[in-house]
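Have a look at the structure that comes next, please.
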Amino acid sequence: MSALLEVKNVTKRFGGVVANRDVSLTVRQGEIAGLIGPNGSGKTTLFGSITGAHAVDEGDIFFEGGSIAHLRPAPIARLGLLRTWQQTRIYGEMTCAENMAISAREAHGHVFSLLRPVPAATRRKGDDLLAFVGLHEKKDDKAGSLSFGQQKLLEFAMALMNEPKLLLLDEPTAGINPTLINGLIDRLRRANTELGVTLLVIEHNMRVIMNLAHRITCLAHGEVLAEGTPNEVRDDRRVLDAYLGVA
Amino acid sequence: MLDNLSLFFQYPPLAADVILNGLLIGAIFALAAYGMALVWGVLNIVNVVQGELVVLGGYVTFLAVQAGLPPLLGLPLSAAVMFCLGWLIYRAIVFRVVDKDIFISILATFGLSILFQQLANAMFGSDVRTVDAGLGSLHLLDGTVTLAYVKLLAFVLALGAGGALWLFLRHARLGQAIRATAQNPRAARILGIDTNRVYAMTYALNGALCGAAGSLAVMAWTIHPYIGLPYTVRSFMVVVVAGVGNVAGVVAAGLGLGALENVAGFVFGVEFQIAFVFALMVVILVWRNAMAARKRSYLE
Amino acid sequence: MSRATFPRLSDWHIAAVLALFGLAGPFLLPTLATQIAFLWLMVVFALTWDMLGGRMGYNSFGNIVFFGIGCYAAAVIQRDAGLPYFEGLALGLVAGAVLSVLAAIVFGAAMLGIRGHYFAIGTLGLGIAAGEIAAGWDYVGAGSGMALPLYPGELGERELFFCYSLFALAACCFLLFRWIYSTRFGLALNAIRDDQDKADAMGLRTTPIKIVAWSLSAFFLGISGGLAANMIGFIDPRDVAFAGATYGVWMVLMTILGGKGTLWGPVLGAFIFHVTQELFWTWLLGWQRVALGLLIVLIVVFFPQGIMGWLAERRARTAS
């Protein structure tokens, strides 16, 4: 399997605080990669660096072999690299169907190409994806009126609508009703296998990530602590120490 | 325009006169800007009616002098009257928009700005007003540099007010409550601070600062009903450049703006001085945004 | 009645009544032709403000700049081109539209990256700076303003001409914007309003979208400026062309009153505001602007959702 995303020796500082130090990480084409680590270990900062929210101080990031470290969020998204947010970001005053329509890949086009109604095929695809995450009967509701968990599902569906090659998910199960988590894991897996989206998932729920990911990287204090298969990482003494605060 | 510019450089005493007078006027801008920074920091509101509070403060002194009071007594009187007016404005209008969308508060205070501007025009007429403080002027360099003592007084008072404000916020009980509320209103409420009262006192304090600034403006310069918005924009600019919680920065930026504005008025002509103030603000905002965009952060 | 068919039906009803009023009104009420012309001008003001303020979430106090540019472009062309009246007017309107759009592109590239209250205050400064510069610039008559050439036709024809011109402009603006809001471009504007960083991160080309939106507003404002200047016959830099304290604020107020971000809100707000103003303003005897300030405060503080928003709330309440 070839590398889709390569993070090479990335360091990111905020003022005097080093959020990421010399972080390297590879996500291979077609896999589900996990990113774990205690609170404040720099996972979300790394997502920001990868998707262009801020410039990195040192190191480089490659997507499909090309450097993206100097790019801003929009061009990176157009390359097919997308993220979701821990606190979820949706278009609150628009309906779910509209949220889906404007998240379609063709909305990346030049400004004058937007001067056309939403094609019927896009509408259908939006409906299908809403049904996929179980929000179909909410499609004419304002997105802002959904519950937090439903908004997370909507954000996930919007990301799929954009047909990314790689999707970074920031704690997809946080705030989701525990009884629905198994359904969500199933959908993440189907997005990976049926829609061919490579995933990089930040997750705090160990049961979820051990179940879901093919490979896991563990960050602590902004540095890569361990990586390997779920079993390897789980049995790594240092990971346990990091979570228990010994390291 | 170029003639003025070369004159400015060829004749240093003239340049000194323009710059020094500008610096002194700038102290008045700083005074109004403290107030704006305070309201901005604590209530999270851009108070567009700021300039009208300055102008009304000026009218209070003007009317007091007309009624036979000594001009310098107008200063505390203006501050006191505007303190009360500020409190009233907060209780009547501002408290309803404090927790709303920021544009709602901008539009509401903009409406107040139009209201007061037009009221001032209806009540006091559109004439340009000024008050002779009766202090005379200081002449330097054989009279080429003329500094009215009232401007020097304004300068000293504005600096003093800045220092007093700093001490007040740091040590007075209410000042500490104001700072706590500015940092985290919810936590302040949990700790038993009556944030609504803090907001009201902050807004009233802002009124007093504006009143003092207006009183000095009418003595050192002139006022008329339509000069309010430039004061708002000056305060806004000063706060944007200095930062919300930076009293010393506000003084420096206010003085700098005063000097810059006076030089621009001299070079471009007085008829373009107001245009310069507004255009400068636009340039500052655009420039700041460009700087922020380079770091891929945004001004919120 | 289903939710989908009901509004569309009533849309056409309203549109038909308005079209009838626009076409027959000036004939039936010839004495009111000027007032009706101003009404259509107000509709253009509200519609163009809503493009940014309502749909895109960029609350501009500076849209008056494009109106002023339109005023002055027409006045300068009509003064200097040496053309007969209607040719001069036509060229002036084209020049006004082109210059306004160019200004929107330049200002937009510089300022549309600024957000929130910085954008609102920045555009406020832009509008006032433009007025002050015009008031000091001798080429455009400085503080004494410019007079427009006299309309050559018969008495009474002039009012009808501008009434119909502005009606046509308002109708074009409404129909074009209505169509635009039905496209993906309209959705993109809403997305920028709701969460611009998200829109960026989803790959939308937000900067060109924002600039095109402002240019569309500027296009109609530029033309309306040329027409209004000719109708009034005289432009003053601060009280007509860059009249931030009247027209500039009315734009915002009318849109909020009607309901921003809705199809009919701006039109409704313009009608109510203008009719109220024509009926009651003269009673106020010089206190009009005081009343305007008070009105802004009252509407913003107590009625920020506007009429359309209020109707939607009521409908939602009765439905549930």
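Should a chain be cited, it is by its letter among A, B and C, assigned in written order, with residues numbered from 1 in that chain.
Here, contacts are C-beta pairs under 8 Å (C-beta built on N, C-alpha and C of every residue); 3 or more make two chains touch, one makes a residue touch a chain.
Since the structure is predicted, the reported quantities are computational estimates derived from the model, not experimental observations.
Taking the mean of C-alpha positions as each chain's centre, the chain lying farthest from the centre of chain B is A.
Here the chain at the heart of the structure, going by C-alpha means, is C. Mean C-alpha position of chain A lies 48 Å from that of chain B. If you average the Cα atoms of chain B and of chain C, the two centres end up 32 Å apart. Spacing of chain A relative to chain C, judged by their CA centroids, is 42 angstrom.
Residue positions of chain B touching 2 or more other chains: none. The multi-chain contact residues of chain A, meaning those touching 2 or more other chains, are 53, 72.
Along chain C, residues 197 each make contact with two or more other chains.
Those residues of chain A that touch chain C in the complex are listed here as 51, 53, 72-75, 77-78, 82-83, 89-94, 98, 101-103, 105-108, 110-112, 114-118, 158, 162.
Residues 59, 61, 110-111, 113-118, 120-122, 124-126, 128-129, 132-133, 135-136, 142-143, 197, 245, 249, 252, 256, 286-287, 289-290, 292-297, 300-302, 304 of chain C are the ones that touch chain B when the two sit in their complex.
By the touch rule above, chain B contacts chain C in their complex via residues 46, 48, 93, 96-97, 100, 102-104, 106-108, 110-119, 121-122, 229, 233, 236, 240, 269, 271-272, 274-275, 278-279, 281-282, 285-286, 289-290, 293, 298-300.
Touching chain A in their complex are the following residues of chain C: 180, 182-185, 187-188, 190-191, 193-195, 197-206, 208-209, 212, 261.
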